[in-house]
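Labels run A, B, C and D following the written order; every chain starts at residue 1.
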Amino acid sequence: VALDEPLTGEEEEEVARLTDSQRLEYFSDAVLAIAITLLVIELKIPDPHRGRLLDQLVEQWPSYLAYIASFGYLGVIWLNHHAVFTRIKHVDRGLKWASMGLLFTAATLPFPTAVLSEALTANDLSDKEVAAGFYALMAALLCFSWLVFWGYLRTHPRLLEPGVDPEFFRDEQVRGWIGIALYVTGGLLGIFVHPYVALAVFVLGPPFYAVTSEGLRDSPLADRLLRRRVAA
Amino acid sequence: VALDEPLTGEEEEEVARLTDSQRLEYFSDAVLAIAITLLVIELKIPDPHRGRLLDQLVEQWPSYLAYIASFGYLGVIWLNHHAVFTRIKHVDRGLKWASMGLLFTAATLPFPTAVLSEALTANDLSDKEVAAGFYALMAALLCFSWLVFWGYLRTHPRLLEPGVDPEFFRDEQVRGWIGIALYVTGGLLGIFVHPYVALAVFVLGPPFYAVTSEGLRDSPLADRLLRRRVAA
Amino acid sequence: VALDEPLTGEEEEEVARLTDSQRLEYFSDAVLAIAITLLVIELKIPDPHRGRLLDQLVEQWPSYLAYIASFGYLGVIWLNHHAVFTRIKHVDRGLKWASMGLLFTAATLPFPTAVLSEALTANDLSDKEVAAGFYALMAALLCFSWLVFWGYLRTHPRLLEPGVDPEFFRDEQVRGWIGIALYVTGGLLGIFVHPYVALAVFVLGPPFYAVTSEGLRDSPLADRLLRRRVAA
Amino acid sequence: VALDEPLTGEEEEEVARLTDSQRLEYFSDAVLAIAITLLVIELKIPDPHRGRLLDQLVEQWPSYLAYIASFGYLGVIWLNHHAVFTRIKHVDRGLKWASMGLLFTAATLPFPTAVLSEALTANDLSDKEVAAGFYALMAALLCFSWLVFWGYLRTHPRLLEPGVDPEFFRDEQVRGWIGIALYVTGGLLGIFVHPYVALAVFVLGPPFYAVTSEGLRDSPLADRLLRRRVAA
């Protein structure tokens, strides 16, 4: 396929369109930043005309936990996104579509969060169970969109930075399945045991998951490398 | 016009003002990212005090489809925007105004989306028809603002990256007219046949359109180029 | 003051802190982009349960004009901001504070817009007059914050790109005073003649002002320069 | 630990993952910009059907002050963030987590702001006291998250730009403790003296604090350096 001919103007342009992962990063950062910051406007401002604001603020505790759960989840998503894009050199159309899927599920998360928050501060147990199940479903879908994203990268190694092993994304996919299992389990516990058990899973899941699979600090290798750089 | 004299300080500055397409891209990315993420706050949180949250969530299905329709549309808009700006080297004042028109119609889309969503989950058929027509109108206006944008680029080839054929934007304009036709047809079907037919057009239109006119993957040329780069 | 001694580490660092205008631009872009996009969520979604959605949408026409007025105004603000920052090389603390003032008045504009929009679609004439006056006041404050910003630049020429004449900002300040006069006049007309006259001023002001003071296209100089670049 | 061996591909990649503080800056800028701009949507639009819009706007004055307090606070946060990141060269996982904590407390501030705003424009004194205390608590938490962030930097000097003294962050931590003291005092004054005293502390605190600890202008050193650069 004539790999050694010089590029025509049109071809140069085509290449340009393939190479910039940066703008996709900015756009994704913006969407994730907005989604994570919009969560706060779903917290209900108590109507304070009754002189019992303190009680009202305290009674809303489950909605604070739902807020923390989604903030933590989207935070981990951003850290993941950040980590993945250091391994991506080129962006093609398929990867953009996979990114759109990922941003769709992330941008939608404030909705099940608000539903959960609303139901947990109301009085109907069956509603709370439904809300926990709904949140679990949407959170699992967000994990699933990562599976698709990683799968695309794994099968398109030409998009990766040189030296990145495509099998890295197989390990990531395993982590994605664990995430799905976590949320499905949380949802089932919420429906069949108690919605607050689901809430605990949703709140503790993201940090626990992030810490156990990556550690709070960098790997020993990263540590050694930084020390080497400082010495240089 | 003395093309070979050295530039004065004032002239250098004038040039600087013409060259930065980057900040316009960031601003556009931000506006599109916010518009696409704001869509979620128009999804109604059901009042769950009645123990029938599941039914309420299910009954709202048309509002989810309206959400998906606008998310998909704005997603395609962003992909388009991204693709166009790889071909733009300079930004002048006229192009900034054309961009503002484009951002205006894009940023306004959450409003007809919310109107459509509200009407489709209420009970009046004539309201649903009106909402479908209104959405179609605003979505067509968004296509129209692209026509203006492409037209400006086509008649100002000096703003383009070297090697970009201005006629490229004529092809894009054809695509724009197809988009307008799609939404006008959808609106008319919504008014004269049934609003759900319009909803189907709004949901399926953007991905179908994007896939048929560009394909889910890159062109064979792009493919060949990437292979060449990897080989180099 | 020992201008020729080599810089110490601390001094180098101090310089670094002075030089990055870029991050201030990103932050400002983000705030302006969010403010301009948030305007849409103040448009009221008519409650469509009564089968008269079309009438309701039409009756809201003044709120669409208020929306357009503020979108246009913030759009011109962004274009201005963009144009000014091409002339700024260094950012010091005073300029950051002047920027904060500017972002404060810009970010607040959605509030008087919503007040105006609400009052103009209700039935009390005196409320409409008050709302027009309030909008005019806040819009004039936004012009005023630009006066402060330009004044700071004019008296701190060391922050400017080489070759930029500080007197440029005196001309800009004249434009700022014209803007204040425009909004004050609009507000007075709204209070003493009719609120719709004010609305017309608010809608037509920004584009008219932008076009007359800068033109829709670039200056002949810019034109000549681009032609030279293309020839080169 | 073999500091002089050449890096393997995997190691290079690991380094790449450690070095980009830029994307964290963008994300933080975006979150802070969104949080600061979202504050405006918590300002209540008076229902103007009663012909007394002016009175209603005036009666809401405490909510404007609450708005100004939080805008000023988040503005100072952004300036701080900006200043700190000019000193950071590398970002590791721990710093990302510390950043997440910081963004969490910053992004949550609109909630206590709205609670304060709502309570101060209602009629119950005890509710106002509670709201002042709640705001003080959340504002102090935001200071506390900075203490953690600075502490991490101070104990991880390898992440800093060359020439930056880690002890700089001890001084910053002192400033953080002053901020906590300010808000705790404000909250106590609000509960035990009067909520409006707390409001005054919240409004005047950020600018007073910023000015006294840094000055409105740059340091004499910075001044000298800029003059040197201009002379060069």
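Heads up, the rule we're going with is that a residue touches a chain if its C-beta (ideal position, glycine included) is under 8 Å from a C-beta of that chain, and two chains touch if they have at least 3 such contacts.
As the structure is a prediction and not an experimental result, all values here were calculated from the model.
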| item | value |
| --- | --- |
| Chains touching both chain B and chain C, listed by label | none |
| Rotation angle (°) superposing Cα atoms of chain A on chain B, nearest 5 | 90 |
| Farthest-lying chain, centroid of Cα atoms versus that of chain D | B |
| Shared interface numbering between chain D and chain A [over half = same, under half = different] | different |
| Centre distance in Å when chain C and chain D are each reduced to the mean of their C-alpha atoms | 25 |
| Centre-of-Cα separation between chain C and chain A, whole angstrom | 35 |
| Residue numbers of chain A (touch at least two other chains) | 26, 30, 34, 38, 41 |
| Complex contact set, residues of chain C against chain B | 25-26, 29-30, 32-34, 36-41, 43, 45-54, 57, 67, 71, 75, 78-79, 82-83, 85-87, 161-165, 214-219, 221-222, 224-232 |
| In the complex with chain D, residue positions of chain C that touch it | 1, 3, 7, 9-18, 20, 23-24, 26-27, 30-31, 34-35, 38, 41-42, 90, 92-94, 96-97, 100, 103-104, 107-108, 110-111, 114-115, 118-119, 122-124, 126-127, 130-131, 134, 158 |
